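Please read the structure below before turning to the comments.
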Amino acid sequence: MAEAAAKLLEVRELTMDFGGLRAVDSVTLEVCENEIVALIGPNGAGKTTFFNCVTGIYKPTRGEILVHPPNGQSRKINGMKPNRVTEIGMARTFQNIRLFQNMTVLENVMIGRHCRTNTSILGAILRSPKVLGEERETVEKGYSLLEKVGLADVADEFAKNLPYGAQRRLEIARAMATDPFLLLLDEPAAGMNPQETKELDELIVRIGKEEGIAILLIEHDMKLVMNISERIYVMEYGKKIAQGSPQEIRTNPKVIEAYLGEGGDDA
Amino acid sequence: MLKVNSINTFYGNIQALKGVSLEVHEGEIVTLIGANGAGKTTTLMSLCGIVPPRSGEILFQGKPIHGLPGDKIVELGVIQVPEGRRIFPNMTVLENLEMGAYLRKNKLLIKQDLNMVMDLFPILAQRRNQLGGTLSGGEQQMLAISRALMARPRLLLLDEPSLGLAPIIIQQIFDIIRKINRENNTTIFLVEQNANQALKLAHRGYVMENGRITLADSAANLLTNEEVKTAYLGI
Amino acid sequence: ADTFKIGVAGPHTGDLAPYGIPTKEAAMMLAEQVNAAGGLLGKKVEVIPMDDQCKPEIATNAATKLVSEGARIVIGHVCSGATKAALGIYKEAKVIAISPSATNPPLTQSGDYPNFYRTIASDDMQGKLAADFVTGKLGAKRIAIIHDKGDYGKGFADFAKKFIEEGGKAEVVMYEGITPGAMDYSAVIQKVRRVKADAVIFGGYHPEASKLVAQLKKKRVKAAFVGPDGIKGDGFLEIAGKKAEGVYATGPMDVTKYEENKKARAAYVKKYGKEPGTFFDQGYAAMQAALAAIKAAGGTDYAALEKALRNNYVDTAVGRIKFDAKGDAEGVGFSVYQVQNGKFVEL
Amino acid sequence: MDYFLELLCSGLTRGSIYALIALGYTMVYGIIQLINFAHGEIYMIGAFVALIVSGVLTIYGFSGFSILVLAGLIAMIYAAAYGYTLEKIAYQPLRNAPRLSPLISAIGASLFLQNYVLLAQTPDFLPFPELIPEFAFMEPVAHIMGSSELVILVTSAISMVVLTLLIKYTRIGKAMRATQQDMVMARLVGINVDRVISVTFIIGSVLAAIGGVLVGSYIGQINFYIGFMAGVKAFTAAVLGGIGNIPGAALGGLVLGLAESMAAGYISSAYEDVFAFGVLVLILILRPAGLLGKAVKQKV
Amino acid sequence: MFNVLKRSVLVALWFVFLTFPLMVVKVNTLKNIVEWRWLNMLWVFIVAFFLHLFWRWALDKRQLRSKKAELEDEGLMAPTLGQRILQDPRLYRPLLGVLAAVAILFPWILDVYQVNIMVLALIFVVLGLGLNITVGLAGLLDLGYVAFFAVGAYSYALIHQHFPVLGFWACLPIGGLIGALFGVVLGFPILRLRGDYLAIVTLGFGSIAKIVIENWEEVTNGAKGIANIPRPGFFGMEMSIGAATTYTYYLMILMVIFTIFVTNRLKDSRIGRAWMALREDEIACVAMGVDMARTKLSAYALGAFWAGAVGVIFAARNTYINPNSFTFMESAIVLSIVVLGGMGSIVGVIIAALILILMPEYLRAFADYRMLVFGAVMVLMMIFRPQGLIANVRKTYAHRRPAAEENNG
């Protein structure tokens, strides 16, 4: 466990109902600075819904979501608009890739910079030196991020023309462009083969360690999860059923029964 | 049973398949593995007439089927479980299953098959009146396979059945595929990212890269092939 | 030039086409007759049809096009709005416009458009006639006024309202606009019943009028129905059929008695196999006036044409007319009609 | 009270016609996400064909009820044929085109059909024969609801019930639903998607023709332009109910008809359309997916 | 070959069947006469037959073309001639020069009529470019765009009536701003609506605007319209119509250039990117920190701004306005311009506007068949160029960022 590290995200008793269905049921979870935390559980356990609540896409039925930005004020973000959440410093990727398909790779990343820049309409028309400077900075930042995820040489390609794995990495780069302190990744390895997954593994670790960005990760690929996460939460039917280190989780009978199955991690 | 002779398939101006040839024999499980975007899904879509190849030929039981419209190919018994499951979201589980048997007329046999798949996946029997769109990923995958079985496939095409599923479910799915192959004697053509498991299950395998078949061998051989090991098994 | 070019501008496509096409047909028919008889002053008459869809911006296009093609006289435009937009262009180019249907009073009364003439009377005259008739002869006490929101219909309705209120003999109990082209008017009809009106004055054209009349009958409302010349025509009789019985309309004094009118209509029926549409008479008359003016002026000199139009009486499909100083036709008087046995009968 | 009933009845009558046309809109939209702007023109053509047929039949000595049935049937056949052809020419080649392209094609087709009828027939309004007889037993309430209104209400109710049953229980209905939800998967279970789309256009067109014939004989006149207004209103009704949703279209039509009628009756008919669209905006603000549209939170 | 002919015969027969009641029969219910126009049947057959042959040929050719394109360079779309010209400065610079020369000389070569309709076409170019912001860039389908146009036109007419001191030049920006204001006001309630729901509501707003203008007689003068609106002034100089038209023409040319300049800069900026992202995926866009409400409203407002501004010019050009100019048809035409031009493509919009507005004028030769042909051409253009005339493929963002980075960094 991250020793005495500052908490970044603190979720208390989060509940989300869809009509009669309780998709998330009193889940409590926290993420600290410099941590990589995983959230696993069977299909339909409510993991993505949990993300959606935290990032403001859904307004949770009950519970509290608190953020403590490293250099800012702590605040409750229940029901806050997604763009505000992102501005505060939590960015995400999507389970079903949601890139801006008909924009170039670089533009996708530049959108991530939107909330960190402030050119106005008039500014855009007049193109003052300040605006030009900001634009240049956006491009540069975008490039350096693309380099980090290995996409710099396809920067002018349309996002839709990228191979799947590259699209996943682009999503990560786009999220990082918002300068988050916490990155939420929803099944980043889905649809990747073991080789690609391995590269992804390295990328995530690098982001976590080198950039000092904390990571909360949903994933079904146990090899990846066990490899990189420091702590794991397990959900089933909307409830949290376990939490602990990879070792603890791997051997937790409840988790084995609900999720891993026998010989789980070779999947 | 199935013979594909150097087909070329395009999306608009993008060539996704470049001279792909392969064969599947009666009763076999054959797997096609390859990286993302290699063209595996496209291969299946070409077989089913959804994205017909521009050139080359596809023979099913000796007869050419390229250029036939999709519904005619389904009629011949070539049934696909598509990538992403594609459950009809606003139909109940039962209706989804009935759609699988859309081209069949014999009510009695359909009823029989309904019971058969519900035995195979008891959870579906429990959920029979729930809307397909509200099922969890694993349930949807089972429903998708069952829906295909409802068509009495001669050749079952499976596209990444393990995608996005929990480990425990993946195991179940693979067990069931094996069972279908053994008990119903259904020929299976399996597309997978999860090369390890797929090769363990299959008799033979093809490796696809950038729209071309680059390797073809028995599954056992592929499992020990060095290239495959490093590129697809992540070892 | 070896031909006299006469423009015919109006809506020939779009929803208002029914008001523009009859005039176009009338003008072309007349030109054909004249040409077949050897032309005018030894020259052929060429009709240039111009669609303006009753839209001001297209009307200016049409107008400039006509001017640049050398038309010296234009029959049109049909809608007052389009006419206003086009008149500025004609004025500068010294082109004469004779409209068969633009009834908006200021077109002549404002004095802004010295080159404008019309073979139809303006809205205010009929409004007065209708008001007097309803309150006088019909003795109605509670009057409902309905209009189609268009400049013509509403203009007529407004004048009728004004004169009724000034007359003080009856009360306007309902004043309401309807949307032309709406599926039905039953809600408005129910309103007429509710206010217990004993007469309905309608400002607008025959399609809406016949819908209203039919629905009044269907809903068993027994108020008298009075419309302007926009409904006084065969179109109304045809569409409303039996339901038209008893309906009143104001309109130019019976024109069917004129020789020219009979001739024109007979020729039209022969040629097209149907009754002529709205503003046919006025369109025909406008073209006749134009041709006569050219003949009298011995060409298309603006001043000469003007003089001819203002001074010479011409026999036309709407009677023997000439134009007054403002451009309104003299000799187009009004009377009230009632449908009796499927015909408009002058009262 | 009587006044209210009167308005109610006129609103329902108008609304059920909107509903009939809206069904075609909604079905087509459901299946290929196309706003078929030319649908109103099909309605107009249906009415025209009925007018022509009944005219010819009258001249050849047919009478009364047989004219109504024959004219109605032939109008339906022709509307279906036009709907089918329209789809084949203007929409099918655009199956894979960007979203808005077929919309523009639809607007073009609508203009074309209007002017085609204008040129082939006449720009004038034509009297439409009264095909629906006056029932004597309706006389006492005729000021509230006439025979035509009764026939309209009953016919559209029956049409809607039949359509609902058709979609729920027949094979083609199921195929339509499947195609609506996932066109690729529909093909993978063996559905001939092109045929399903054609059938959808045909059914929608037939309903529109029924609407055309009913309206024609109710208000007694038609011209080449009546499809435009009807089309816009029906489209509004379809959206109001939740576009793509069949009961929604029916409900939307009725709500719209009632809103218009009440607005005209209690406020002013000059602003009838303002109220119609006002109701639409209001409902969509409260329920962004229409009355019966499922306001699903987008699953991400 | 025989098969093709047979098919065409069948198709022609189908059309004969289809058009039979409308083309052949004509009844007069009053007089009880039927007119049988059998000759029309023959015409339909012949026309349908040849059109079908042509249709097959054209479709085959279209297929052939796409096949050829894919052989030429695998993967990427072969740039069309249009795109190639746009991408290569050596090609487009001289072309631009020629274009500029033609634009400047135009009024001196051609007559007032041509200049006059060109002014109208240019007005629609600006409308197209404005709507292109809302629909093409931000992906917000708007079927009631004409409302803003009307707002601009009436602003000028009314301001002129009540405050004659404010001349055309003052009204031009005021019209734009009032338009933008309406854009924001109308945009607010419909922020949450998506796709086609938006379409119908905007269509509703369009009709409401017209109805209000029609009915609110005290202010707008209703259906009577407003006459005697002054043409654009030039230091109070008296001008003949010809001169005024020419003057308006140059004014419009400047306006178009200004619009292109501004929209281009916007498109290429932080704001423009946010619009496009919104168009591509609303949820992802919001999740990436873009304020949806503000972005959407700015797209509405800026789109409406141009409509308002150019509405002022429109009123000045016509000198008379009434509600007839602001119907759904106008909205549909502007939308068609955007789609036909190729969503988001500025050059495409310009070409499409010129085609769609000038075409009906040049089709005047066809007289009665004018709108029929117009409708058919709209359908055909969509079928043969579904992506629009000039697809907005990589043109805008093709400028090489790395180069920019090297130069400046």
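Going by the order they are written in, the chains are A, B, C, D and E; count residues from 1 in each one.
The working rule: a residue touches a chain if its C-beta (ideal position, glycine included) is under 8 Å from a C-beta of that chain, and two chains touch if they have at least 3 such contacts.
To keep track of the chains, here are their UniProt names: A = Amino acid/amide ABC transporter ATP-binding protein 1 (HAAT family); B = Amino acid/amide ABC transporter ATP-binding protein 2 (HAAT family); D, E = Branched-chain amino acid transport system permease protein.
The structure presented is a predicted model; accordingly, all values stated were derived computationally and were not measured.
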Maximum centroid distance from subunit E, chain identifier (CA atoms): B
Result of counting contacting C-beta pairs for D-E and A-E, higher pair: D-E
Where subunit B and subunit C are represented by their mean Cα positions, the distance between them in whole Å: 73
Distance from the mean Cα position of subunit D to that of subunit C, given in whole angstrom: 35
Distance between the centres, which are taken as Cα means, of subunit D and subunit A, whole angstrom: 48
Shared-contact residues (touching 2 or more other chains) in subunit D: 115, 126-127, 270, 273, 300
Subunit B, residues touching no fewer than two other chains: none
Overlap residues in subunit E, where contacts from two or more other chains coincide: 26, 28, 30, 33, 211, 215, 283, 368, 371
Subunit E to subunit C touching residues, read off their complex: 26, 28, 30, 33, 35, 111-113, 116-117, 120, 211, 214-215, 217, 222-225, 227-228, 240-241, 245, 314, 317-322, 324-325, 329, 361, 364, 367-368, 370-371
In the complex, subunit D residues that touch subunit E: 29, 33, 35, 45, 48-49, 51-53, 55-56, 58-59, 74, 78, 81-82, 85, 89-90, 93-94, 96-98, 100-105, 107-117, 119-121, 126-127, 129, 232, 235-236, 239, 243, 270-271, 273-274, 276-278, 280-281, 284-285, 288-290, 298, 300
Parts of subunit B lying in touch with subunit A, wherever the complex brings them together: 33-37, 134-139, 160, 162-171, 193-197, 230-235
Footprint of subunit A on subunit E - complex, ascending: 262, 265-266, 269-274, 276-277, 280-281, 283-292, 298, 302, 394, 397-398, 400-402, 404-405, 408-409
Touching residues (chain side subunit C, partner subunit D) in the complex: 13-15, 17-18, 21, 149, 176-179, 181-188, 190-191, 193-194, 206-207, 210-211, 214-215, 218-221, 235, 238-241, 243, 274, 277-278
